[in-house]
Structures are given as structure tokens and as C-alpha cells.
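Quick heads-up: structures coming right below.
Same chain, two partners: chain A is paired with chain B first, then with chain C.
Then we have the complex of A and B:
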């Protein structure tokens, strides 16, 4: 169907334009007295195209604010459901702790909801909607605001939300010029065309929401980018006092020079908390090393060069070239550091040794008197699994165990295996003598006296973190905040007026805060000796 | 007298001044209709007096804040008492800012009672200065908590104005379904506020009487090696036990109406720290609030909404609508900055990740999403008046859940701020 879209002022408008792009005359039949729909200055938008093709349909779907709101509400409800029970535990945990509700929660996949395809999908949809909604609106708005006509159609002026009409005496052009002077003092940009005037201020605030949306898009992209391999790494390391540990996934090593905990003194605590050990501060005096030679070569100690000395405390991570080390906790349970055992020849009663046996990275060959030991296996926290095979439960020496191949007097020339538990409690619990069978009556490896045992007092837990997307996250948030400030704390205000045969018609529009808009108009009129009650300027309609 | 003790007195002064200011604001607005007076003159005079009194209250409140800070050596925003009293102060600051824009005394009529309730609510929690745990020991504690609370305070002002709008426009003479639905929901909102007041009153009543009951609770858990671990825990009640802790026995309990003998057990599926005591408190609040509500209904013999409605006649509804929206629009960027951006920066410093889907974080995000929905409805879909006012009420319920509910029910990493 052919539609005549030419306005009476002679301007050719695109189809579905609400207000003439040039003079502002309403192009569609709407209720006569209601204030005009001024959103995007009445411009036609791409999403309003007729006979849409499939691509247009997608565009139209995502360009709808209503759809955007629905997606946000679904996301909001979904996010709330995810907080009912803690996230990320095992199926047994949920069933044991929360009963059938917990079981169902886990079965529905709600226990790892924030990584689920549908939740991520919702975030992607929000992102898409942000892009399309913004493009669909910002382009027509930009066109409308960059070519504004000064003299508007009377119907456009008198159907604004803030309106004044009344007689004006004297020369109309002079009157308009004088008013223009006053408006400039209020930091309006004023354009006049004979007896017509357009005053405008803070147009930039109209871009606020779009800048805010750009920020959010950057943020969402940054979050997606974290799924790229190498962009994100997160691992916890335990570093005992005096120990040096490689920072996983990097060429760095970190040494825990000294770990200290400071507790609150009794007098600093309120009565309710007296007699409690309440840590005030704990820190790891750390040295960060870089490996410069023989890195990762088995059997050779790497050559390390110190890069940085830093006291790592909670809230003050060590940061070096994108790698961050956070103090996340500590353990004050003493752990075995090293023992100095001796070997006794049970038959002769002779004792050989002692020799050094550190729990971490011990050497593999030992020669003690007539005996030679070769280390075959080591377990930090020894345990037996369901099949009865030895396993280690952790990397902390909580129940260390060693298997040596022993050669020496009275022992098979090929060597015989000997299992050694440095801690007495483990020795009894796992029945060392039973395990060692024939060898047990021949030799014994044991520690004589506590002076031959050394413990570490503290284990410092450090979180190693690499997050390359972080810069973009902060950038996105910064842009988002900038847009919010622009849009929320400044208001785009425009005043149009024309004087026809001694009658002033004034209309004013703002995207928000009509209260302030009316105050500005009342002020301007007062400068011209026209006193009006600012509430009387309200033409009804919406209060956006 | 120590600085911290002095701050407590300043707090009481602030509370009293807020109460007086509230009465003055009511006189300023409702008194316009009184005979033998010029309404413009009346509102100007009483409006000014009320504002002076409420500002004096805020000054006392600020004195409380800074003297406690000085006395304790740490910013008083680190436990529930301190946070809630700060929130009340932020509400008054937000009120002052909005008042500077609109200069309408009616603003005070809803901001002051809100501050009064929050100030009293704060006093329910233990007041002693609690030493900081290491992860709270950061200048971000000052920045994050204060900005987030200020944002929430603006939402609170938006809520109060929205509720007043509803009270102003809902027609109690109409009997059709639509009107009845509105009336019922307003009544329910007012009932909820009465329950909060009931909670505060009941806590103070039994605290004044020095009520105490002690329980020993056995917690049985199974560790990873399949061994059963039994912990016993002492639980103290300051309200008579309608519900006693799960799997517990009373060591001592003051008697009150024989309730100490009743002792219904808290269901086992209610987990969390002191679940029994919290459930008991909730039940008491509902009982006390409902009684209070029943008494009010008996006195007035009509819904509370209908009681308040005639006093709102002098108020312009579109002013209320505008103020409610404006408060939210001003608060939104502040909330974004404080509760999300600063929170993320701090989380990144303290815990090594800027976002971890911790319940408190999720609920801050939910609050933010909700208010962004509010703004989109208002700006793009033209939701005004009634619908917008209802959204502001729902929004505040979400804010409240984020602040209190998450700590009481869900806990998570922010549990140290709990009770």
C-alpha cells in the first residue's frame, strides 16, 4: 500500500515517523489534546519496518524493551533460585544435608546453576538485547538531535508536557532576543530564527544510557573471554614456613620466609568474645623468584633469581606481571618437616646413622653404614583405598610413609622392600611390622628422640590467580558507571517558542525531571515579567 | 565516660529528635486543614520547624557515628547494629538531599518514621565493638559499605514515597475487585511494618524484664571418613522458647506463661547458625505484630490504610510519584557504584576474585536488576503512578532481604555481618 509520508511543511519523512523530522507536526492521528509521544523525538526505528524478513524478525524481537525486561526478570528469578542452597557440592552432600529438597535441587542442575547453559544463555541474550535495543534507538535519536529545526509546528509546541501560551507586548523579535540572553545565562544553547527560538542544554545526557549499555556489553564480553584457555587460572598452594614452591602454570617460585599470626589482645575484645583466639592479622613474608635456568628439568634444581620481596596479607596480594598471590588462610597444625632416623641391625644390635630424611623432595639413594636404601615410593598422607592399595590422600605430610628397597648384611642381594612410617601413631595404625614381614626381625628404621624430628609450625595457603580479562572487566564497569552518571544526574532540556501575532506559544521537553524543566521555564518567563505558578505549566501526561 | 559510651547517648538523642520531627511533620501536613489558619503560612512555618528538628537529629546521629568511630578506632559499619544505624543515618542524608531539591515538608512525613524504625531495629542487635577479622581490615570497608548503604537509603526513600502515593490514591470508598485488591495489598504492607514494630517491641520488652533461657544443643555430623562427630553448643534465648533448638535440652529457663515447658523442637531441616533461636524470634515477632495489629484494628474499626488515607488529603499525588521515582533514579548509580563496582574491587583484593556468586553478591545483583527493570518500565514503557509505586515497594522488600534475609537465612561469606 502506498502511503504519503510527506509533511505539510514539505519534508519527506520515512514511513512510520510519528513526528515530522523537520517541523515536528504529528504525523499520525492521535487524541487531540494529549501530550505527544516524544521518545526518540518521534523518529521511525528500524524495528518498525514493514514486511520484515527473518533477520528483521530477530532484530525486532531483541529490540523490544518489553522482551529485554522479560529476559532480565527471568535472569533475576533464576539467580535467586541459585541462592537457596550453597552451590557446587556433591550429590551426597545435598541429599544428606537438605533431604529430598536438596536431592531434587541437585538433580535439576541447580547446584551448579551459574555455569549452566541456560543461565549463560540468558546473559548472552541480555547482551544481544543491549546491543540491538541501543542501536535501534541511538541512531534515529542521533539523527533527530543533530538536525533540529528552530521553528516548530504549533501543534508540536502546544502538545508538549510543559506548555505556556499568553500575550506578548512590543516587538516580537526583540522580545525573543532578550529572552535568549537570559537563557544563555542559564547555560542553554540558544538558536533563534526571527520570532522563533530553540534553547537546549545537556544534550550529552541523552547518550548516558547508551554509554552505560556499551559498558555492560564490554563487561559481558570480558566475562565470556575468561573461558579462553590461559586467560584465567586459579589454584591454591600450601607453602610451609621456610619452603619454596613453584607457582603453578608459571615460571615463578615463591618462598615463605616467615609466617606470622597476630591475635587480638584480651583487652581489645568485648566481653562476649573474651578467651577466644581471634586473629588480627596474618602474613607471609614472601620472596618471589623467577626461574632462569634448568626450569622444569627433572632431577636438576632450577636456578632461581629473586624478583620481589613482599609481605602478603589479606587484602594486600602480591602482584607481579599479571600473576597475583593472595593470602587466603593458614594452618597452624604442626606438620612433619624432616626426621633423622637410624638403622638398627636387629641381629647384631648395631645402630647406624642417623641420616637426613626430609618429607619434601628427599634424595632417592641413601648409604647408611653397611646398608644402602633406595627410595621406591613415598606417600604424604598414607591410606589404603577400597581395593586395599596404598594411596595418598593429600600433599601434606600428615601421615607420611616411605618404601625403601634395602640392601645389606643378611638381606637378599637384589634388595627387599621395607615400609617406613616416621610417625609412631601411623606405624601402629598401619601395622608397619606386619607389612614388612620377613624383614622386620632383621632391620629396623626408627627415630631416636625428639631432637631428631623437626616440624613446621605454620602452613600458609596462597591463592594463585591469573585473570587476563580483569582489565576489560574494570573498563566495562567504568564505562557503565560513566554512562549512568551522565544519564542520571544531568537532564536534557529543550524549550521551543514562537510568537505569532502577539501570542507566545512555548513548549518544553525533557527526558526526565519535568519538575526541574517547569522550574526553568517559570524562571525564564519571570525574567520577562511573566509570573506563572510552575505547577500550572504542567500539561498532564507522563512524568518520566 | 568513654567515647563509645558517649556515642550511645548521642544515638538516643537522635532517636528522640527523629520521633519529635515525625510528629512535627505530621502537624505540618495534616494541620493544613485545621480551621482558623492560612494553609500556606501553616505549612511554611511548621515545615521549617520540622526540618530544623530532623536536621538536629541527623547532627546527633552524625555525632554518634564519628565519636564511635573515634572511640573504637574502626569505622562503625562492621556488625548489624552499626550497619543498621548507619543505614538509618543514610536514609536521613538521602532525605536531606531530596529535600534540598523539592523543599516539600511532606517528604519528612515518610522519611522520619522510616529512620525511627531502622534506628530502633538497630538497637535490637548487640552493641559492643567487635574487632575486625583480617578480611574486613581494609579501607574498602569504609568505601563499599557506606556507598552501598547510601544507595539503599535512596531506595528506602523511594519506597516510603511510593507507599505514601498508594495510601494517597487508593480509593477506600470503592468496592470493586480492582480497588479491593489494592486495598488488601496495602493493608498487607502495613501489617508487615507493624510486625517489624512488634519484633522491636517484644525484644525490648523481654530484654527490659531480663528474660533468659539456656539450652545445650547436640549437633551430629558425619565427617569424610564416615565417623560421627558430636558437638555440643550452648544457645542463649532472650525470648521465651516457643521453639527450642533441634536436639537440645534446657539448662535453665525463666518461666513465662508455661512456654518453657511446651518446648516444640525446631525442625531438623532448618540449618544454619542458631536456626532455632531465629525461628523462635520470627514466631514471636509475628505473634506480637499480629496482636498489635489486632489492637489497632479494634481501636479504629477499619483497615489501617483507611485510617491513614484522610490525613493524606493535602498531599499532591504526582509530587509523591515524582519524588519516589527521583529518589530511585538518584540512588541507582550510587547503589551500582557501592554495592556492585566497589564490592567487586574489594572482593578482588580480599578474596582474589571479583565475583563468586556468593548469596550476598547474587542478591545485590538481583536488587540491581530489579531497579533496572523499574527504570526501564518507567522510562520506556511509561509505567507511572500505581504500577511504579508498587514496584518501589517490591524493590524495597528485595533490598531488605539482601540486607537482612541473606544474613539470617542463607549466610555465605557475608555471615560475619550477621547477628
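Then we have the complex of A and C:
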């Protein structure tokens, strides 16, 4: 069907234009008196095109705000369903905890729905719709606002929501110029064309929603970027008192200088919690190192340079260049670090030593007084297996044991084995004296006093978190907020007027706060000695 | 604007297809923990020393079938496996094949004593501070990775294996 889209002012409009792009005359056939639809200044939406090809059809689908709202509602409903039960547990967990409802929940895949393909698909659709909806509207709007005609069609002016018509005395052009001066004082940008005037302010607020959308798109892309390897990592590391551990996936090392726990005092606790050790505060005095040489080379200790000292407590992570270390817990089981035992000649009562015996990689040959000790075997957590052979149950020094070959006065020249348990409880449990039957009356290896024992009392658990996308998430949110502020706190106001044969026709439009718009118009007219009640300017229609 | 309409549409739709396809594909095929090596993925490279101080780099074994075993003297099934691996090593060692047994960051003395006791002839590598163990995402011991000559993982076995378990996997590994 052929449609004549040429306006009476001579401007050729695209199909489906509501208001002439040039003079603003309504392009709809039916004559109405109601206020005009001013959305996008009456421009045709970009995608509205005759004979759409398949690409246009997809484009048109995503360009519809109605479709966008439907997608958003589906996403919101989906996201809400995902909060019914906790996410990310096993099938058994749901069935045992929530019965058949939980079982169904898991079977429907709702237990990990935020990562599911269809939820991600919905987000992708929202993103697409954001781009296409915005583009389809912002370009025509930009075009309309950047080349506005000053002299508008009378029908355009008198069908605005704020209108005034009345007589004007004297020279029309001078009158318009004088009004222009007043409008400029109210920070309007004023353009005149003989007896016609256009005053405009805060046009930038119209870009608010689109900047907001750009922010949302940045946000969505940032969330997507988290799936790139190395952009997001979460891992727990255990660092013992005094120990230095590599931060996985990075070139950093973290040392636990000192770990401290403070417990609640009895009087601070309610009755039902009394007589329990309740931690009040725990912290890791940490040093972050960077490896500068021999990194990851086997058998060579890396060369470390300190980067940062920080006391890590809950919710106050150590943060350095996108790597964050959070305090997430601790273990207070004491582990033996080193002992300084002495060796006693039981016959003479003479004591020799002490000598250093660390639990981790001790030396194997010791000379103590007249004795020489050769370390033959070491067990971190000593035990006997089913066959009665000595074994270690773990690699942590929970019940350490050492087998020495001892040589010295009164001992067989070839040496005699001696089993040594640094911890008193193990010595008794495994009956050290019985094991060392022959040697026990001759020598004794023991620790004199607690000052010769060093423990690592705490193991600090740190969560390593790398999230390179976080900066972009914040940037996206910032842009989003900027757009919201622009659109919400400033209003685009425009006043058109023309004087024809001593009759002033004035129309004003704003995208928000018509009350303020009318006040501006009433003020401007008052400057020109036309007193008008600002409520009388209201031309009806929906006013916000 | 009119003449750019179509190129803009095409560029945007392509962008959407690419990014959206990536996002949905990631959601469809991503495993719960993508950092951990899996069957079919490339075995993470490492360089470790053996007991004699010789360097072993996994990538140097490209072209050979590699059985990568993680063991500790504190883990009874690991201990039980070691002689079985030794027999398998002797059986297959003329083929392009290697067993690399990574000790779980234990002390020198412990490892040396253990290897002497069991008279093991295949390379025993020394991990330190659980670094390589962590890179392989180990949760239980023993864990054994069967790595194809092209460097990808054919199979992962967690727990103690019988000699037959080992034998049939090596045979399959050598066929690839």
C-alpha cells in the first residue's frame, strides 16, 4: 500500500512518523484535540520498515519494549524460584532436607539455575534487547533533537500539555527578543526566528536512560568475562604460624608471621553459650611476597621480595593488584615445629646438648658430646600397621618419632638403634623405654623444659580470591548510576512560541515534572506583564 | 544513517551471536570446577627433581605414554601400589612409556628410606609445599593420571589400583 508521507510544510517523513520531523504537524489522519504523543519527538522507530527480511524480523523482535519487559519478568520469576532452596548442593542433600519437593527441585535443574544455559540465555536476550532497543530509539531521538525547527506548526504548539494563547501588543519581533532575554536568565538556550522562538534546557538529561543502558551492558559483559580462565579464581590455603605458602595461580607468596585469637570472656556471653570457647576476633599478621627469581624451579628456594604487610581479619582482606586474601577460619591444633633435646649418660648422670631437631627435613648426622647420632628414620604421625611395622599416618607432625643409630661410650661400636618420641604422650603411648630395651638404661634423649619445644599453634585458613572482572562490574554500575541520576534529577524542558498577527501561541513540553514546566512558563509570561495562573496553562492529558 | 543501517544490524547481530553463544556454551559445557584437570584435557605441565637431583619436565615426555602417580608413605593404598607399579614398569619399560611417581611433599629421609625399602627403579619426583599436587586438584590419595603421548589425560584413577587395573590401562595407553 502506498502512503503519502510528505508533510504540508514540504518535508518528506519516513513511514510511521507521528509528528512531522520538521514543522511538528501531526501526521495522523484523524484530527484530535488531545495532547500529542511526544515520545521520541514523534519520530518513526528505526526498525519500523516495510517488507522486513529475516534479519529485520529478529531485530524488530528485540527492538520491542513489550518483548523486553516480558523477558525481564521471566528472568525475575526464574531468579526468584532459584532462591526457594539453597543453590549448588547434591541431589541427596535436596531429597533428605526438603523431601520430594527438593528432589523435584534438583531434577528440574533449579539447584544450579543461575549457571544454567537457559538462565544465561535469558540474560543474553536482555543484553541484546538493551542494545537494540536503545539503538533504535536513541538515533532517531538524537536526530530529532539536533535539528529542531524553531517555527513549529500551530497544531503542534496548541496540542502540547502546557499551552497559552493570548494577544500581544506592540512589535512582535521585539516582544520575542525581550522574552528571549528573560528565558536566558533562567538558563534556557534560546533560538529565535523572527516572531517564533524555541527555548530549551537540560537536553542532556534525555541521554540518561541510554547511558544507564550502556552501564548495564558493561555490567553484563563483565559478568561474562568472569568465565575467562584466570579472571576469576577462588581457592583456600592453609598457612601455619611462621610458614610461607605460595598463593595458588599467582607469583605471590604469603607468610603467616603470627596468628592470634581473642576469645569472648565469660561475662560477655549469654548463659546458653557459657563455658565454651567462642572466638571474638582472629587475625593473621601476614606478609605478602613476590617471587623475583627462581620461581617454580624445582629444588631451588624462590627468591622472595616483600610487597605488603597487612593484618588480615574477617571482612578485611589483604588486597594487592586484584588478588585478595580473606580470613575464613583457623585450626588451633598445635603441631610440633622443633625440639632441642639433650642426651644423658645414665651411668654418669652427665647431660650433653642440647641439639636442634626440626620436624621438617632435619639433618641426619649429629655429634653431641661423646655421642654421635645418625638419623635413620622419621615418622610424622607414628603408628604401627597391621603387620606391626612402623608407619606414618599423615605428613603433619602430630605424633613425631625418630629412629637414631647411637654410637658412644658403653655402646656397641656398630651403633645401637634408639627410638625417640619428642612428645610425652607418644612416649608413654608407644612405650619408648620398652622399644629401646637395651639402650634405655645407658642413654636417654629428652627435652628439658618447655623453652626447648616450639609449636606452631595455629593454622590460618585464607581464601584466595582473584576477580579481575570486579573493576568492570563497578565501572558498569557507576555508568548505570550516572545515567539514572542524569535522567532523574534533570528534566528536558522546551518552550515553542510564535506570534501571528498579534496573537501569541505558546506550547511547552517536558519529559518530567509538568508542574515545574508550567511554573517556568508562567514566570516567563509574568516578565512580559502577562499575568496568568499557572494551573490555567494545563492542557490536560497525563501529567507527571 | 540509512545506508549504515544494514551493516550496523549485521555487526550487532554477529556480536550477539558470538558473545551470547560463548555465554550459553560456557553454561552448557562448563564443569563445576574448570581449573581441575579432567579426562580429555591437557595434563598441567610441571618441572620436578627426582631423588638423584635430575630435572623432569612433563612436556619432555611428549610422544611417550606417561603414568603420573601421586603417593605418600602415609597412605596405605599408595604403599601397596608401589611394588605393583614397579612390576608394571619392568614389564613395559621397553615401550615408549614412563612412570612418574610424585611424592606428596614429604621429607627427604622418609622418601629415601621408602624407595630403598621397596627397591623402586622408576623416577620418584619430589613435590614441595603441595604445589604440583594442588595444580592437579588432588583430593584423595593415591591418584593416578594416565597421560597419552599427545599430553592429554586418558584416564584418572582415584584410590588404590590392583595390578590388573594398572596393566589394562597401560595397554590401552600404548595403543593410542
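The criterion applied here is as follows: the second predicted complex is superposed on the first by the 380 of 544 C-alpha atoms of A that agree within 3 Å, B and C clash if a C-alpha of one lies under 4 Å from a C-alpha of the other, contacts with A are read in each partner's own complex, and residues count from 1 in each chain.
Rule of thumb we're sticking to: a contact is a pair of C-beta atoms (placed from the backbone, for glycine too) under 8 Å apart; a residue touches a chain by one contact, two chains touch by 3 or more.
What you see is a predicted model, and the numbers here were worked out from it, not measured in a lab.
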Practice prompt. Check the residue A:484 against both partner chains and state whether it touches chain B (first), chain C (second), both, or neither.
Written response: first
Practice prompt. Answer with first, second, both or neither: which of chain B and chain C does A:463 touch in the superposed model?
Written response: first
Worksheet item: If you stack the two complexes on chain A, which partner ends up touching A:245: first (chain B), second (chain C), both, or neither?
Response: second
Practice prompt. Please work out whether A:233 is in contact with chain B alone, chain C alone, both, or neither, and reply first, second, both or neither.
Written response: second
Discussion item. Applying the document's definition of touch, where does A:279 land relative to chain B and chain C: first, second, both, or neither?
Written reply: first
Item to complete: Determine, under the contact definition given at the top, whether A:135 touches first (chain B), second (chain C), both, or neither.
Response: second
Practice prompt. Spell out the part of chain A that touches chain B in their complex, as residue ranges.
Written response: 39, 65-66, 68-69, 72-73, 75-76, 79-80, 82-84, 86-87, 96-99, 101, 114, 234, 264, 268-273, 278-282, 313-317, 324, 326, 328, 463, 465, 467, 470, 473-474, 477, 480-481, 484-485, 488-489, 511-515, 538, 542-544
Worksheet, complete the sentence: Given the complex, residues on chain A that touch chain C span 46, 55-56, 58-59, 115-117, 119-121, 123-124, 127-128, 131-132, 135, 139, 143, 221, 224, 227, 229, 233, 235, 245-246, 248, 296-299, 360-362, 364, 375-381, 385, 391-395
Item to complete: Give every residue of chain B touching chain A within the complex, in rising order.
Response: 102, 126, 128-135, 137-138, 140, 222, 269, 271, 318, 321-322, 325-326, 329-330, 332-333, 336-337, 340-341, 344-345, 348-354, 357, 359, 362-363, 365-366, 369-370, 372-373, 376-382, 384, 406, 410, 412
Discussion item. Which residues of chain C touch chain A once you look at their complex with the stated criterion?
Written reply: 1, 5-6, 8-10, 12-13, 16, 19-20, 22-24, 26-28, 30, 34-35, 47-49, 53, 55, 72-74, 76, 79, 104-110, 113, 126, 128-129, 131, 134-135
